[in-house]
Amino acid sequence: MQELVKRAKELLADGTVVRVLGWKQGDLGYNPEPAYFNSEEELKDFVYDGFCGANLSKYMIEACKMEGNTLVFLKPCDTYSFNQLIKEHRVKREKAYIIGVGCKGTLDIDKVKNAGIKGIESISQDGDTLKLKTIYGEKEFPFNDALLERCTVCKGKTHQVYDELIGAAEGEEAGPVGNRFEMVEKLEAMSPKERFEFWQGELSKCIRCNACRNACPACSCLKCVFDSNQFDTAQKANVDTFEEQMFHIIRAFHVAGRCTDCGECSRVCPQGIPLHLLNRKFIKDINEFYGEYQAGEDTDSRAPLTNYTFEDVEPGIVVERGQK
Amino acid sequence: MQVENNKEFRPKIVAFCCNWCSYAGADLAGSSRLAYPADVKIIRVPCSCRVNPMFILRAFQKGADGVIMCGCHPGDCHYTSGNYYARRRMTLLFSMLDYLGVENGRTRVEWVSAAEGVKFSTTMNEFVAKIHSLGENVRLEDLRCKN
Amino acid sequence: MQRIGVFVCHCGSNIAATVDVARVVEAAAKEPGVVHAEDYQYMCSEAGQLKIREAIKEKNLTGIVVCSCSPRMHENTFRQAAERAGINPYMVEIANIREHCSWIHKDMEEATEKAVILARAAIAKVTLNAPLQAGTSKVVKRALVIGGGIAGIQTALDIADAGYEVDIVEKTPSIGGRMSQLDKTFPTLDCSACILTPKMVEASAHEKITIYTYSEVEKVSGFVGDFTVDIRKKARSVDMSKCTGCGVCQEKCPSKKAPSEFNRGLNTRSAIYTPFAQAIPNVPVIDRENCIKFKTGKCGVCSKVCQAGAIDYDQQDEIVTQNYGAIVVATGFDTIKLDEYDEYSYSTSPDVITSLELERIMNAAGPTKGHLERMSDHKAPKSMVFIQCVGSRCADRRGKSYCSKICCMYTAKHAMLIRDKYPDVEVTVFYIDVRTPGKNFDEFYRRAVEEYGVNYIKGQVGKVSEKGDKLLVQGVDLIDNKRILMETDMVVLATAIEPNKDVRKIATMLTASIDTNNFLTESHAKLRPVESPTAGIFLSGVCQGPKDIPETVAQAGAAAVKVVGLLAKDHLVTNPCVAKSNELFCNGCSSCEKVCPYGAISYEEKEVNDHGIRETRRVAVVNSALCQGCGACTVACPSGAMDLQGFSNRQILAEVDAICK
Amino acid sequence: MLRTEKEQAEIIKEISGVNTKKCMKCGKCSASCPAYDEMDIRPHQFVSYVQNGDINALLESKSIWKCLSCFACVERCPRDVKPARLIEAVRLMVIRQRGGNYLTPNEVPELLDEELPQQLLASAFRKYSK
Amino acid sequence: MVYSYYPGCTLKNKAQDLDKYARMSAEALGFTLEEIEEWQCCGAVYPQASDEIATKLSAVRALNSAKEKDQDLVTLCSACHHVIKRVNDDMKHVEDIRTRANNYLELEEPYEGETQVLHFLEVLRDRVGFDVLKEKVTNPLTGKKIGAYYGCMLLRPSSVMAFDDPENPTIMEDFIRALGAEAVVYPYRNECCGGYISLKEKALAGNLVDQVMESAADKGAEELITACPLCLYNLKNSGSAKKLPVHYITELLAQALGLITE
């Protein structure tokens, strides 16, 4: 971390950038938040650890509109989002100085808390172990057990776009590589009734706080359709029982083919709804129907929904598949 | 409270038809007097690619029991490629609805040319029969009923 | 708030017999915004239109809903009526309560209920309509005719005579088409070449006509008034500007084994060839697949004997790009393959032939120099059997469900000609029905029977088999209910015709619709028979449906008039139902641009004022002259910035709501 | 239970699965039939007889025993009518009635010869009796 | 390669040669015909009426037992092939028949037409290949002029049988040529010989056989081959015209492969 701060200071000093976009220590030991640092002085609050899960790509949309260039720290999977934003002309590559930072996996504090560890004051990492200082004394917790779901299915530690790397190297091995479609497949194997009940249970928790929308780097619209008068959907939090599912279906549909599977939606959901399962369903379908596609891997290919082939599957495939 | 169990189920079905092929196919079904149930109501759109998933969800929201989209056959789109985009969009949308547990027979896409009055009519008859077999649409409206 | 008038048409009894029109009026009148509702016998009549105009004036209407037939039928009529009364024509919506309602439902209650809902949907939509202004686009005063048969030639001549430039693109080395292969034509027995050749010459000599033979349309873009077309001129290997058409090359060419396409494979031709003597242009082509020079590198005889030095082995395909205001499809037909009709022994016996092959045999320039003989042993037949409906009227996978229309007549012609020229030949025709609608057609058929003694037997043949050097025809006489086993020398199959196999490719390029039999669809079966539903595309000849020469020529002329009507305009009124981007919502993400088939969307860096925030943003801009209004962009746009005028998101949602209420 | 001819016609249409209205009366079935000359009512007439409900005549027709089940009529019919199925349906209607059998076991010994294959007997019983 | 094999009643009795030579030749060509257990007679006639289920069950049992072994089912006799192939098509495409047949049979897993039914000739053409067969011929039948007699049941209805072009088939001619003999093509090779009615309608069967024989002789055939015991019997025993000798396809095959001598 000190290396990051040192480099940030140098870049500020030599005028390469006029501000730094990174993470700032929060009020607890495990809730850092994204922040701009405009001076060497401000960088004293800079932090980078396993709880810096926030994907800073989206903040670059605003940063690019500001005077001068911005130094941004991006973890490997954040760079997919940044690339996707370049493709959609939402950020300007030349206004960003990207330091690709190494990533050991990002952590889910709830996993620790759910294990019965309360009153956490600070957390440090020692190899494969998290050392927790709590008001009840020191505790330990295995690092890997605290990983966010997305980091148990790591899509690799290669940065897709960067100016320099710190704490990372090209060709680094990926973290734990599970089957990211495992739960999607499980749901697919259920009967429609079971699936329906699963989603009814999950989506009914939604309080329409829009955290998912705010965090999602693909949800970058200046004005969301759900805030516009185009579809009579504006400002209608929770009026209609139908609108929540509509919101989540359409949100997933609008990011289909653009979603990099960064997992921010699920990470930030205060109700713990596994929203990434909606996005991954689209990713899985796209891979199966139209060939493997990873959004953010490049900046110029056509996205699956703005592309076609003459031989594409017919929508009837959904029914046919259901009969098997 | 008396429940009207015996009341005959009259499904509400919305059919989005592209102006150039399917709407004309429906016209041909009409002028050829090829009957299909009155439950089907057609909305004219210029091309199947004009059909926004929002329209389909909105129809279900407002009480539709089935939504069908008809367009020119692949390769025959009046606008060259509109139906190819529509095909991808609908495939993914229908798959998602299926994933959420909505009966997958409630949505359908059929390619009907201007010359296929017979196909239009048989498609609508089949679709209405399918909706009858599925009964009233409750799931899409109910996903969040546990308030 | 709009002031809406609703007009419900009885369409005589077409609507009123199944839909309670009064109830529709009553229900419509209660809808919000509706200030006027009435019904009338025929809304499209002058009197009906007058009612609309009067109501607009009296009640200050701002929006009109007509509940009537399909908008594809009378939308324009009612738009014009509205315009004459001073309101914007795009403030009119149609509820289709005829094709989509009264004609398909029997129960009055049910039909009326549906008509009311359709009316409500139209009212809900028109409430959100906004006046639209149509723009204009230019008209390129040049037409393209695809296909150089009699249909294409006639269309081109008629257009050129009206003073417009026309290009004919013909796939084969010469214009002339199927008609050039025919010997005589019914019902007057004119010599086909005698009436066709002058037209071919006229077309080639016409100063307004350019003929591209041995060429194919490769790519089409643009739209009515301004299509851009790539034409591939296949390498002829002969320099057209040098060749004198002397024919020595064809005589000396040592490769003479290629089956002659013109003679339907009944004999062979040289590798360098003109399809027939009267070919236009009279310039041969080298068929590279059969040319020794191209296959082995050795030979070059044609080049040596050509005094004009016209042979050019290095010639390459050439692409010509040209703009056209209108395109006429005249791609014609072929006979179906008979591989699957082997009960008639077509593939096993050379003496079983198609009618088109018989035309070549009867023709003085044909493989037998016009002498009627069997292809197996060149003996003159003493008896011939004609079988009708081979592949026509077949509902099975082998054939075509339609009647090919021309076979009854050309068979009568063949029978008559044979009996006339060779009175000793017995001619028997097996038929299912004899169909002769047309001027002097039935008389013609009766003459074949009564004057020429042709034997007509009702009943389809079951099998034709070889027996010795004869053919055994096994059939029944359905009138006598008797088995027929007839030995004969030749069997002629009236083979079904089908659209040229290239037509599907061409239709796709033109975005012209095509039916399940690959015939191009006309815009209206009765009222717009020579126009494709795609604006600027016209149909001439058999590509639209089976027809004989007189009908083809008539239709060719009709298509030409429609083309001339289009080219005579300096500007076309464009469809104002085009996409429009709301720059305040636009992210500039380029999704819409990627799905636009017309390249109508571009991006501008533009300063916007978003509720007080002034900034420069990348925003989408639609070129309304290029946009054709498909709406692909509107769905690709995640923020809903892109909308389609006339079919806006809110209008369609309003319809959805009205239907699902 | 006695059925009217009309009812019988419906049964024949149902068990044969033939839509007699598809016939365009071209006669190709009869023209293809190898047993045509032996039949009193011809294959194309089976279609129109059933269509018109003239079932008694069909039940008495010797044609039902002459049909070879060679499917030439089915193969060559341009309208996919399948006359052979109609003939079989009529034959079944006859043999399903009491005393309708066309072959009884008593007849068999005198019909046998040295080379006669089993399948001929199997098929004959299947076709001619219940 | 091992195939499930359904011989049928006649091949166990009057047509033992057809069966014996088939098995011998199969082994010589590198595949095995494994007779399915406890097969029953197929009934020799395909029941066309939609209300006949019981008469289709023996075919379904045979099909299902091949399915259980995950093998294709090979037949030889034209009648068996016709019945089994068509019943299989019903099981695949006709819901009513499928449901009722499965209800009767109470199989562990319902049978839905999964088995592929192959005629012995199809195995030779599509699996072994006639070119391979040709190489294995040790005793080519050079000089023989052989007419193939297809009859009706292998070919029709072609929409289900999908055996060959129903009006101009070539598989048996290709087979004959592979054995080194000359194939004589004659028009009546796909016309019915009247086998089914030869018991009770001798005169009619006789006429039909005469037509076939005359047609074959007219084109110069010196002998005929068939796959069907019923055709063989009928061609030999009915009619009055001059007779050409008739053999089973497998007899010629075994000869050509040098397994037996003439």
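Should a chain be cited, it is by its letter among A, B, C, D and E, assigned in written order, with residues numbered from 1 in that chain.
What we mean here is this: a contact is a pair of C-beta atoms (placed from the backbone, for glycine too) under 8 Å apart; a residue touches a chain by one contact, two chains touch by 3 or more.
Keep in mind that this is a model prediction, so the values were computed, not measured.
Common neighbours of subunit C and subunit D under the contact definition above: E. Here the chain-to-chain distance from subunit C to subunit E, counted in touching steps, is 1.
The greatest centre-to-centre distance from subunit E, using averaged C-alpha positions, is reached by A.
Simply put, of D-E and A-C, more C-beta pairs touch at D-E. Once the centre of each chain is set as its mean CA position, subunit D and subunit E turn out to be 24 Å apart. Rounded to whole angstrom units, the spacing between the C-alpha centres of subunit A and subunit C is 54. The distance from the centre of subunit B to the centre of subunit E, each centre being the mean of the chain's C-alpha atoms, comes to 49 Å. If each chain is reduced to the centroid of its CA atoms, subunit A and subunit B end up 36 Å from each other.
Residue positions 225, 231, 305-307 of subunit A each touch two or more of the other chains.
For subunit C, the set of residues touching two or more other chains reads 343, 463, 595, 636, 649, 653. Among the residues of subunit B, those touching two or more other chains are numbered 53-54, 58, 75, 81, 85, 89. All chain pairs in contact, by the document's touch criterion: A-B, A-C, B-C, C-D, C-E, D-E. Only residues 65, 87-90, 220-225, 228-232, 254-255, 302-303, 305-307 of subunit A touch subunit C when the two sit together in their complex. By the touch rule above, subunit C contacts subunit E in their complex via residues 339-343, 345, 347-348, 397, 463, 465-468, 472. Residues 584-591, 594-595, 603, 610, 615, 617-618, 636, 638-640, 643, 649-650, 653 of subunit C are the ones touching subunit A in the complex. In the complex of the two chains, the subunit D residues touching subunit E come out as 14-17, 34-35, 38, 65-66, 68-72, 74-75, 84-85, 88-89, 92, 102-103, 111, 113, 115-124, 126-128.
For subunit A in complex with subunit B, the residues that touch the partner chain are 184, 187-188, 192-201, 203-204, 206, 225, 231, 240-246, 249-250, 252-253, 256, 278, 281-282, 285-286, 289-290, 304-310, 312-319, 322.
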